[in-house]
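Shared between the two complexes below is chain A, which pairs with chain B and chain C, respectively.
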Partner chain A sequence: MRRKQTAIGAALAALAVLCAMFATSASAAPAWKFEGKSLEGSEVVLGGAIDSLLTVPGLTTKCENFLYKLTVKNEAGTGKGEVTEVPLYNCTTNSSACTVQSIKAEALPWASKLTTVSTTPYIIIEGVKVPILYEGEECVLGGILVTVTGSAGGSINNTTETATFNSTTLTATGTSLKALGQKIEWNGLFPTEAFQWHREQALSVS
Partner chain B sequence: MAQRTGAKRFLASIAKSASAGVTLALALTALALAGCGGGSSGEEANGASSTSSKDTLASAGTEAGSGAKGPAANNGAGPGADSQGQGGEASGGESSSAAQNAGKHGPHVPVPKGPQEQGATAEQMANATVADMSLKSPAIIASGGQPGSLSPTYTCDGKDSWPALHWSGVPEGTAELALYVMNVQPVEEKLFVDWAVAGIDPSLDHIEAAKLPKGAIVATNGFGKRGYSLCPQGRGEIYMFALYALPSHLGLRPGFDAREARTQILAVSGNVGLLPALYAHG
Partner chain C sequence: MQANRTRAVATALLAVALAALGLAGTAQAKLVGNYTKFVQCPYANLEVKKCIYSVTESGEVVLGAKKVPIEKPVVLQGGFGAATEEKEEALFAKFYEASNGITLSKAPQSVPGGLLGIIPEASQPALVKALIKFFFENSLTGVNSTLELAKPASEIRVSENNLAGEIGTAMQMPVKVHLENPFLGKNCFVGSSSNPITWKLSTGTTKPPAPNTPITGSAGEIEFLEEGRILLAKNNKLVDNAWSAPKAAGCGGILSFLVDPIINAQLGTTTAGHNTAILKGTLNVASAAAVRKNNSENP
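Take a look at the complex of A and B:
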């Protein structure tokens, strides 16, 4: 009888441990929150990238001002949104031989959604399309139109109210940006602060 | 102490008791079927119910304070209200923590200098060579966001001959194909061509390693050699393999100047396939 009781006890203990594991690793769908309260209706997040580098192998493109307008909302408790505007300014490359003749975010709006991977909240931007036309007689991509497409997942830091995009966050979210038929790198740090109704309020995701 | 002893008993019983193992298996099955009760399955995970992720993020240090009780606790200045909040003013009914945060939050949109970048004009598009053909090599496999590594076999550390290349997407009406290998970073501020071959039959979809197809015309490369040579001057280089589709024959002769010919090629070619590759000595 006693042996039976211990066996049941062991099972319950294992159950508790597994419950805790499930609770922390499950792919939860987080919501947008202001001052800890779930957003009702929609809000506009407007900002400028603190840093953003797009690297087609060997050639990094940087825009001095990478602005964005993101409309966010919660649907059935899950954070969703749309990137509606991405004006870019003063874009250059890391090669003295290559200049950017034209670059523009296309196929807007880009849909976005929140997700959680191993307790970290992420924002996923889908449907990204950015054609870049490089220029330069001595530039290996001079005269060539390269189009960056795909989706990108960035980790959200509630403390700094920023979203970070890099190869680690893209891998974690199973997303990728592609050009020339292969994955490319995108490193960026984007503030996630409200512009409209909840201006000056702490924006978090959970 | 009594609890610790109890926990030890649980662990010991797991190790000793076969029947406990069976019970455990059953319990785990039940657990999986029941979803543990706390696993958030996407749609359910709102601010009020997703306690697990909420707790984790709370520890990350949000400044939300303690007022959050769920979606119903929204303030009166939400989008459902009238337009008083326009222009970014913090509306009435804000929590005291919001007031304290004033100045700390809010968007910091930098003022851009210069004009906004624009998409390619119709004229630029007409003159551009679009990277829409596929060029691949079994010897160059990309990993993550990095270009694929090239085996020493295909460099001056090995046989210094080209790898097999496969392509697709050659547009109809192409008269000939031209293959190039170039350093991505210029050498002494000049584009450096390691290999150029024109006159490739557009009906082909590949070339074999170290074997040129009939009719191919080989250029003089940046080393002054008529042929292929891929030899990084530093420790490593990123190279770009490029396949240009030409709508008309260029009439190039063996030993043609690869750099000059590329200018001609870009002037007429509307389509290219690109394959970056990385090579580092030893």
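Take a look at the complex of A and C:
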């Protein structure tokens, strides 16, 4: 009788451990939610960067119009998506010698997925490719095609409904962007707002 | 009267001297700050779009069985034009010789093992043995290897996109290796203007034939100076291990018919896949227009 009680106790303990494990993995793979409910089907998130700077030591490139179109969905409870459009306009540098002749997002769509690092939800954009052609007679990069490639992880703030990309968020997610053969800095603050079926609904990730 | 004439002559001489100084000042470059490195760039030539000053501080050149470490700095300087020549799916720019004519500095690198390393004593013809003995007795056993351009600097090609993108050929250079020792004479070379060694240096990954395996270069740690007018790449690494080299020739003066085969036997196979060039250093590139401006702003 005593042995049976011990066996039941062990089974319950094992179940508790399993439940805890599942809970952990669920939190590691957050989902897109609108008004607190998990997204069913897909939704389009559209917006423009409030601020976005791309920096190689000594030269920073800024785009006044850094728009994006992101299609999101949940697959097996995990938030995924694709960046399908990234129009970039009015891009300038902090250099009096260099101007941006052309800049264009390539290799679209860029796959995206949600993840959690230390309780903070993140969105990871993969397969980023942005060639930038600089010009300017005195610009040392004049005529050189500088291609930004890699992946980038940004933290999601459910309160402000924004995604922030910077060196801290890239490091936290183990992602990096490269250009000219080295890691470059990308600082960006992007609003996350639905523009299709869930317009004006609170968007969150958890 | 005499005093007046003397004063007039002295004034005239002073005027000539001042004028000469003035002309000398005009002819000299007046680059300042970060631009001083580009003093030998032919920036007055409007076809020159970029100035380059590259210092190879370390690395190695493997020629067949012989490896020569780079211990003395080698400077490559000059300018290059617009990238207009298309080959190997990239655009290349023509190089312009340094103003002082020294596009590639001659830095003799010590060959490990010296004379004995390239001409071992055993089984040599008696005459060669006797001569080597003489050089050993007189402590003339050191051998230097100096890299030289095999063709005019205008034959060098640069692809900035490949250099920055770490792919393909960043710089193509026709070179020859000068082996120097009194015994070897003044004309002991591997490579020549008619049959140069062609390095296709890359900051990316090479695709050499066997037995060599791919090696990877690097654009280095890039920083922009003077608001994007100068690019500084520290720890830049240019590599090529797919090049072939002709046989050594002209070694030993009138005994070259005896000495050349000995050296070539020591070098071993120098066909593609048996040689390597690894050049590590600091690369400085500037817009030629910015260098011109710096020059004009500092009379």
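In this text, the second predicted complex is superposed on the first by the 179 of 206 C-alpha atoms of A that agree within 3 Å, B and C clash if a C-alpha of one lies under 4 Å from a C-alpha of the other, contacts with A are read in each partner's own complex, and residues count from 1 in each chain.
The rule is simple: a residue touches a chain if its C-beta (ideal position, glycine included) is under 8 Å from a C-beta of that chain, and two chains touch if they have at least 3 such contacts.
On a predicted model such as this, the values are computed, not experimentally measured, just so you know.
Novice: Following the overlay on chain A, give me a clash-or-fit verdict for chain B and chain C.
Specialist: The answer is clash.
Novice: Go through the superposed model and pick first if A:51 touches only chain B, second if only chain C, both, or neither.
Specialist: In the superposition, A:51 touches no partner, neither chain B nor chain C.
Novice: So in the superposed three-chain picture, is A:182 touching just chain B, just chain C, both, or none of them (first/second/both/neither)?
Specialist: Once the two structures are laid over each other on A, A:182 reaches both partners.
Novice: A:93 contacts which: chain B (first), chain C (second), both, neither?
Specialist: The answer is second: A:93 touches chain C but not chain B.
Novice: First (chain B), second (chain C), both or neither: which does A:78 touch?
Specialist: first
Novice: On the superposed three-chain arrangement, identify whether chain B or chain C touches more chain A residues.
Specialist: Of the two chains, more chain A residues are contacted by B.
Novice: Select, from 129-137, 165-173 or 183-191, the region of chain C that bumps into chain B once both structures are placed on the shared chain.
Specialist: 165-173
Novice: In the superposed view, which residues of chain A touch chain B and also chain C?
Specialist: Shared contact residues on chain A: 56-59, 95-97, 137-147, 180-182.
Novice: Using the touch rule from the top, collect the residues of chain C that touch chain A in their complex.
Specialist: Chain C residues touching chain A: 49-50, 82-83, 160-161, 164-166, 203, 218-231, 285-287, 289-290, 293.
Novice: For a test of understanding, state which residues of chain A touch chain B in their complex under the given definition.
Specialist: Counting only chain A, the residues touching chain B are 3-4, 6-15, 18-19, 22-24, 26-31, 33-43, 45-48, 55-59, 63-65, 67, 74, 76-78, 87-91, 95-97, 100-104, 106, 116, 119, 121, 131, 133, 137-147, 157-159, 161, 167, 170-171, 179-186, 191, 193-206.
Novice: Looking at the complex, which residues from chain A come into contact with chain C?
Specialist: 56-59, 93-98, 134, 136-147, 180-182
Novice: Which positions of chain B touch chain A when the two form their complex?
Specialist: By the definition above, chain B touches chain A via 7, 9-11, 13-14, 17, 19-20, 22-24, 26-28, 31, 35-54, 56-58, 60-71, 73-75, 77-81, 85-86, 88-91, 94-95, 97-98, 101-110, 112-121, 124-125, 127-131, 134-136, 142, 144-148, 182-186, 189-191, 238, 240, 242, 263, 266, 272-276, 278.
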